[in-house]
């Protein structure tokens, strides 16, 4: 990219998305999208279908352009950014690198496209316009009310072992809970008591707590231990939060 | 940060400090501090007390400004840089991001403060001045003379498994050792012979050696093996170095 | 480096080369070399001989200058870049940092040399000219024809567990195979059937496939699984590819 756009600044968001995990990649982008600087160019690759006929696209939003495979990776962040005013497929071979194979689109197609944008090219220079509402949607499961609880799932396990659920604290509140409430956490393996607290440091030793995390979602945590390890949870695991209501 | 200061250059020192390990974070900063460029802005977060009433501060030194939680993370590096001429608590909400929760001060308070400094704000713009000598001190244990040896501890295990001790080679010299000397290394588990050598490559296969490492401290190493694994050591483990004197 | 060259842009290629693995470091540089921007300064350190009399060098090529220990790390990339027009040993102590020990040449010698180049110094300012064809060569094993197969080895295992071999697809073609062919893969442990396919996504569940990877070499892969784990392979493992010819 610097070979094409020598003064671009490159920020490495992460190289730690698990292999082939398009949903984790999509969540990473969603988490980052509201903090992007104006005019940012975002290159994302989680691409188990590399070399097949899945499209590579650039999606232009008001704040940023996102480039990547059209496999559900980009759509949730594009939606978070207010939707795309323009989407093109990256078919202009003149803005790509000659490639020894079909297996590294990030290097041979997406990176030169990002470099060209940084150097002043327009999104329409990159390829053919397509339906700007036609991106492959990401999988964003929603929780269900189930008896006296909210049945959701783990969206994300962070490096501390905290487990973010796909549950909004307003939904817990609507079900009768409030900060300080005692809750019950049911997984496939176990049932445990938990307490809704303000922050991680409020947890007593070994006490399972519910915290509104830094993305505004309900998260399970233990005091300086991994809740994911203790409850045998990972991304996608089913979790029901039973409220006192 | 680039949204606030578009031309700032961001250098990622590390994301590999173990979770909740304030001391490891403090040592990382100490190791880096003498190599900071003039005018550097250092953002550090190891913050098990996030959301509690521990303060977030900016400490201005001659060479750099350091931002982070006031929990012992910053104080050793600030001291290494000659002390702070000014310390403020980050209470100016106008230079912070609106936050969905109390759990991510790095993103919502510290990063915008760092961006504001990079864009020309003064440290005093960030919040209330406080006692510039009042930072929470970091834990920096010192070795003790004990019989015919120096009783210290492991400060750091690097990615090669070399174990840096909190022992200065001048202390070994004062106890009668010199490069080439035979030493004895006592841990809670074992007693092993070691030799003081010039560099890692001087170790014979399986020979435990003592090296003055890149920070000028005494380090235990094995030839292309992990001394930490072989001696079952980690940060904080007690180690006594017995000198021939 | 920024202390010497404040406007330099630093790109972190990788910190994930296995400890002491000079060959993996050399392959990383070879893989990157054709994508370097004009005028790039490349600092590489995999240096098990740090502190011994192995030389530290700067090698000037048409596109880039490479700095590192002269232990086989640099030579393959220098060759890929068309050879060095000039090589110097880094003996000019005025462009180095004062060092507390002999164990961190990357920080005390190579980084300040790279910073000085970025700030406008010439390669000859860094030290004594030496034979520009005299770099210690890297180990680049070549495959052998063996009965009805090509006997090679694993050069690289990527983070997906795909195993790159030191075999060019033209060699497979010369031995009678073509895309779509059935092949046989023999390791020290096992014999397995494989199919030459276009891209990773063409593999059926559990089917071992051969793909021309993003560097134009023959690679072994499984569908969203680690071929390295399944076949118990790592860098250096012997692999024979038997063709239908």
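So that you can tell them apart, the chains are marked A, B and C in the order they are listed, and the count of residues begins at 1 in each.
Going forward, a contact is a pair of C-beta atoms (placed from the backbone, for glycine too) under 8 Å apart; a residue touches a chain by one contact, two chains touch by 3 or more.
From a predicted model like this one, the values you see are computed outputs, not experimental measurements.
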| item | value |
| --- | --- |
| For chain A placed onto chain C, the superposition rotation in degrees, Cα atoms, nearest 5 | 120 |
| Fraction-based call for chain B against chain A, same above half, different below | different |
| Chain A and chain B, separation of their C-alpha mean positions in angstrom | 32 |
| Junction residues of chain A, two or more chains touched | 9, 12 |
| Interface residues, chain A side, partner chain C - complex | 2-3, 6, 9-10, 12, 19-20, 48-52, 99-104, 107-108 |
| Complex interface listing, chain B residues touching chain C | 9, 11-12, 35-38, 40, 159-160, 198-202, 211-216, 224 |
